[in-house]
């Protein structure tokens, strides 16, 4: 076996350790160990790289490593716990930039079409990651306004930018020796990264960082193709794929879609028309779980449907799981919920819900705006905001539980059917409402299972 | 792009489809679709193989395909539903044999050391799969006695066999052109397959088939290395790995270890010593889940510990999940379980367990031997077989619930501490007892979560 | 405005129309509260409890009534007391307007505005004033306790070394407000509960409490807009009896709550059904006072027929008078508060209001309630 | 062997020693069953119910007793009736042996083997004969029902349009068999339940029913081998009273079950504590008959002190006499069956048997029970 | 270098196999085994090369037999799996 | 043919990435992101080749800068992640 072969086999081991480390990172009990294993894998990979025959001169390398270690180490140690996210953004940016540079450097030695295409990709993605991460850092650390930056014609500018990048890319592929195209691609990529991130609000930056993180993985992967290195491809694509999934999960936890996050800024300009009645937004059990999982203050509002579904035991189970997840859980009990006085009390007592978690309507309403998620379980009339808002409604004036003031509302019912009073419920159409259709017990058991 | 490259890229697609199909096969709702997708992947792979430049003569191929299709199709269509497992064994055997033949055929064109080693592996594994599957088939279809076949000196014979295979393998590698070694390897491998399976009892055959299935994947993988074909490697190793996991899961569901399955026959000869008191066998929530998941008749025996843990709601939840999984669930209520008359009734009524699932001791005991799993939840004295067996015991003569007569018994308690009567419980040491240590509510919630 | 609260005179009535906590709210609203001395004693509230929150205590019942702008009470008044009221006074209490035509006439004659608590319409907004519901709910709870104590066996199942005790079988006929609460209470105590009602929507409500519903096909039945049951045809009553017969014989406890608003309740358990029951069984006839669902039930008495106990006790909410008073007080208060002019501090009688249209019987010397007017015509 | 079952004579005793279902088992076992006419009436069992299962009915009580080999009954007999028994007869019933020295003497004198149901030892094997437990369990259930019906408010919480009703606070002192059942029943009805007991092991048992345990540090307390509480020192009793005082004042219902086996029960609720409670509150003194845990409680009566109801009703299991009889019958039957020689068809009295050592008081003209003998010495 | 790639592929495929068959309900054990077994018929791809070499020698014939056997595995395997799963569906609905 | 292997590897790695990050609790989102970010510093391996070429040309210098930047990512990334996770532990226990 040649040395080269042996080294490459060690890469396989290193890749295996990355995978294992990433797996462990996904569970609280093992996360720290996972991180350590992944670090070991990295160390192994670096050592193998250093042993490579093509490496003849270690001075530059050592210089780079020392400088990098000092900066990275200091940054990691000195940074306050609260500013971790922006630090991650910066680290990510430097990773992206490194990929850009690797691609750039590779261009001098690799210039077959395939290599140039991958080099182009690694520069493009690396550049976007570089400047995008920087903007994200500035926004997060409030060195720059967190507000979306939007100007008219932004879309047109962006489109032109994309076109220009493509043209330069094609030209570069055709004539890899013309460095002007290369510089153009680099400049345009960096610019594009800036343009892509400025219209996004500061609160959405974590998602953006996660996305850019996924990009930096892809950049490494592209660089791997360019310099023909397996470990780069494996590790890069692992990061790319898992970062993408993670971004998606984070979006779900915020009850947004990725598209919505990325283009919300643009939306702010365009939708100035008056809001119509709104539309029904169904949600899946899985997505509902992600939101609940991230909530710290949950109010459960049961109604007749909980009784019909006999869901009280499942509700109790969900309550316990939420509490285990460090959320505060209360029940908002409307005096006429159900079909007899005290209907909810009977059922919740049966499920052994402590009395002091049952909050009367008058008490829960003022707290409603600090609630992350209000889960309406088979209640309808008693949470109908028409009683507050629509003077013509037959229930106008009846006090209701104002779940619509919570950040997010889940309504668990089987259909769009109306309740006892037989009237439409505008709650179902509100922006922050998600309908979880199905028998309440099934839905809640589903949520309980997701918590497993 | 050359044709070859294009074809190979299609292999990538095919491999992706295999993976996706296998993923879908793991869930009841999507299993059938998964199988179909995997079949499409196979079709694609075959078509690509046929388009390969090295294929110049289609006659043999067509002949083989036609014969294979007819036999396979007829076998699959005509076989009775009940004899599916043995059919799978036969199919598996033919797959293994095919790998053996591919390896054999490859020997004429590939004879560098690496190739020969992989060829040797593909022949060895293929041969074992071939004859092992055949024996499994014979045992399952009762064409051969299902009893373990054991003779004295069996271990020695097997050891010699393994040695001989290794020697021949080494010789073959050294001198690939000497076909005698080849024939010897083939013959010995086939013999070894027979020897490996005959000492295993008929009831364990499904596990053996699963294991052999995993082997046939590995054989294909080895063949892939031999003929340098990616799709063989990917698909083969997928089957190998997933088959291994599946085998393991099946063992867990039978509450056995793989080693125990493979060598149980040998064990039958050796352990003729008198049984001592036995040992405590703890079980994890996960393993307990696998057993419960496979059970169709479950009895829950609650005791004071369920009350202490206030686990009644969790127990009810578990009951519903078991029932959803098509198991019959009953509660065996001992008259003095708990600390007051009717203690269990109060709690189970609170959790809304239907009265007709609460079975009195006198009624449940005669049915106990048809019970797959008896779950003892924080009961101790009321399930103490010493009351039946040990004349000197202070509770001798007290009727107890005979959980030890169920196939498997789970005892959920926090420690080995004794109960109210303060006496040792031999139940905990029985062969079919598994201790699930921990607070009963935690343990049961854990099981509930596993069912998610 | 002066609100007068006379002491209840009906013997055995311990409930009080206004509890001190609610009295406080009325005073706070700006009303002058005149409480007859000893009014709260039935529930253990002393005169000081009321004077402490700002009410005036008076020993002179007659004067207090004569000067009242509003009178709040539970039971319908004696006609003689109506005569003492001043014209324009608003009198709020139970009135039994379907049967008390003389009383209504007295109100009319004296120009008193009589509001009947029975007639609060069952629309969503008026649920907080609905005394029939609030009291019926408590009555359902009490009925079960009475039955449980009467029954010579226990409600829950118990598996003990001294044998297994079977759960009691409880059958509840009429699953309205009282019936549902009875179901819930019996279930809580561990009984096996089955219920029946003629209104088909009720089956789901019964299931929602975890009890069984007895399916009987009676053909067309229904309910009024207010959710009350329609009266059955004689054939339907017969069908119902037949179908229930076997089931009743098998029950340990039967609780009947069947009412038809404004009419005599149907007889659902006949003598032979009673006799078919086991020795020691218990029947609670919650409709006993208005005529009875059970043949042979006697209001306010427990009779034993063939070993079967038939409890005819009336005024069940009185057994939990403290809570009953609290709820009734809240009902009254909600009614007053909803019509209170906070500027002028007086009761603003707007006969176009949905709720008042339903429950005001007489006003300014006229019978204004259409249902009652039509009854008379 | 002839087993005679006389009718219970104590007034207000509806329980019967043997129900027909158990009579059948005795007959099946080979005993000759002699039942006094009317014996089962308290629970609604007729003479035919017994004759149908093979018992002989007799109107002649005296003769039936005189010829009996075994007598089964609930309450202790009149001394005159002991005199009628033949020597060697086995008499099984409650005997109150700690106090009834004359009765014991009579047994001794007539050579009757007297078995005291109170004295069944509390070992695992004899749980099925333990009548104290079986009856106490029912008593706990009944005590809660009595309290619930007395209390002027309801047990469960109810959030209604007419206001939120708070759950009743129930405090149970002594969480033995009766106390635990009372806890369970009160919890079922929806009350907030707290309990206290001097035996420290009980805390876990109380939690196991979902109720709270009041922690009071009394220093060294303990329990006997049979699981009964040891008597407290006067200082400890004082400590307990102090600690409970505030808690009792805050409770709606207090149920006391504290007993010390063979001794007068401790007084745990004093007059000033009673007076500290709210008007309408309820105390059930389950120990009233033997001396009372509550100052001022009167056996078999409900007294009202300062608006607080103190229920002293004795023989609570009698309220659910059918189940109580069934359980007691099973206890008796298990005792007989365990010692029955199936070959010879007779009662095999082996004084070395753990259970019999505990519960046989007199045998062959001797007091054989060491506890009782020591008591006398 | 090929061997490196192949090893990489092997490692990744094994990890993936482990992750995929994570928690399979017991009822699916047999179909899953059978379905995986059908996939192992992929060896047909290897056999086709030998069988189609046109050389007419022993390897060619061995290849042909291998094609036949592997085809049995493939066709029979998928078909049987599908039959099992179809039965399932009926039970479920 | 290399490209085939590389594509295989890419596909398998992506599948695996998806399977691994299946259901991560919300509290782990940030550390996981940060940990994955550290892995993306793997580009250092590519940079080392350029930086160590000894050619002294532009590519060599670019490589050196890339090494420095990637090292920042690696060192900082793992360290920060570990700090976050350490904090976690304390909260749990």
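A, B, C, D, E and F are the chain letters, set down in written order, and residue numbers restart from 1 in every chain.
One rule holds in what follows: a residue touches a chain if its C-beta (ideal position, glycine included) is under 8 Å from a C-beta of that chain, and two chains touch if they have at least 3 such contacts.
Since the structure is predicted, the reported quantities are computational estimates derived from the model, not experimental observations.
Chemist: Both chain C and chain E are touched by which chains?
Modeler: Expected: A, B.
Chemist: Show me the overlap between the contact partners of chain A and those of chain F.
Modeler: Chains in contact with chain A as well as chain F: B, E.
Chemist: If more than half of the interface residue numbers appear on both sides, call it same; otherwise different. Which is it for chain A and chain B?
Modeler: Mostly the same residues.
Chemist: I want to compare two interfaces, B-E and A-C. Which one has more contacting C-beta pairs?
Modeler: If we tally the contacting C-beta pairs, B-E comes out ahead.
Chemist: Cα centroid separation between chain B and chain F, in whole Å?
Modeler: Chain B and chain F have C-alpha centres separated by 38 Å.
Chemist: Let me have the rounded angstrom distance from the C-alpha centre of chain B over to the C-alpha centre of chain C, please.
Modeler: 66
Chemist: Any chance you could list the residues of chain C touching two or more other chains?
Modeler: Expected reply: 127-128, 133-134, 137, 156, 158, 160-162, 165, 188, 190, 210.
Chemist: At which residue positions does chain E touch at least two other chains?
Modeler: Counting only residues that touch two or more other chains, chain E contributes 1-3, 5-6, 8-9, 12-13, 15-16, 20.
Chemist: Got the chain B residues that touch at least 2 other chains?
Modeler: 19, 230, 234, 310, 335-336, 341-342, 346, 349-350, 352, 450
Chemist: Once the touch criterion is applied, which pairs of chains come out as touching?
Modeler: Contacting pairs: A-B, A-C, A-D, A-E, A-F, B-C, B-D, B-E, B-F, C-D, E-F.
Chemist: Show which residues of chain B lie in contact with chain C when the two form their complex.
Modeler: Chain B residues touching chain C: 333-336, 341-342, 344-346, 349, 352, 355, 358, 360.
Chemist: Where on chain B is chain D touching in the complex?
Modeler: My answer: residues 304, 307-308, 310, 335-336, 338-343, 346-347, 349-350, 381, 394-395, 397-398, 421.
Chemist: Which bits of chain D are touching chain C when the two form their complex?
Modeler: 14, 43-44, 127-128, 130-131, 133-134, 137-138, 141-142, 145-146, 148-149, 151-154, 156, 158, 160-163, 165, 185, 188-190, 278-280, 307, 319-323, 326-328, 330-331, 334
Chemist: Under the definition above, what is the set of chain F residues touching chain B in their complex?
Modeler: By the definition above, chain F touches chain B via 1, 3-5, 7-8, 11-12, 15.
Chemist: Along chain D, where are the residues that touch chain A in the complex?
Modeler: Within the complex, chain D contacts chain A at residues 156-162, 164-165, 167, 190, 192, 210.
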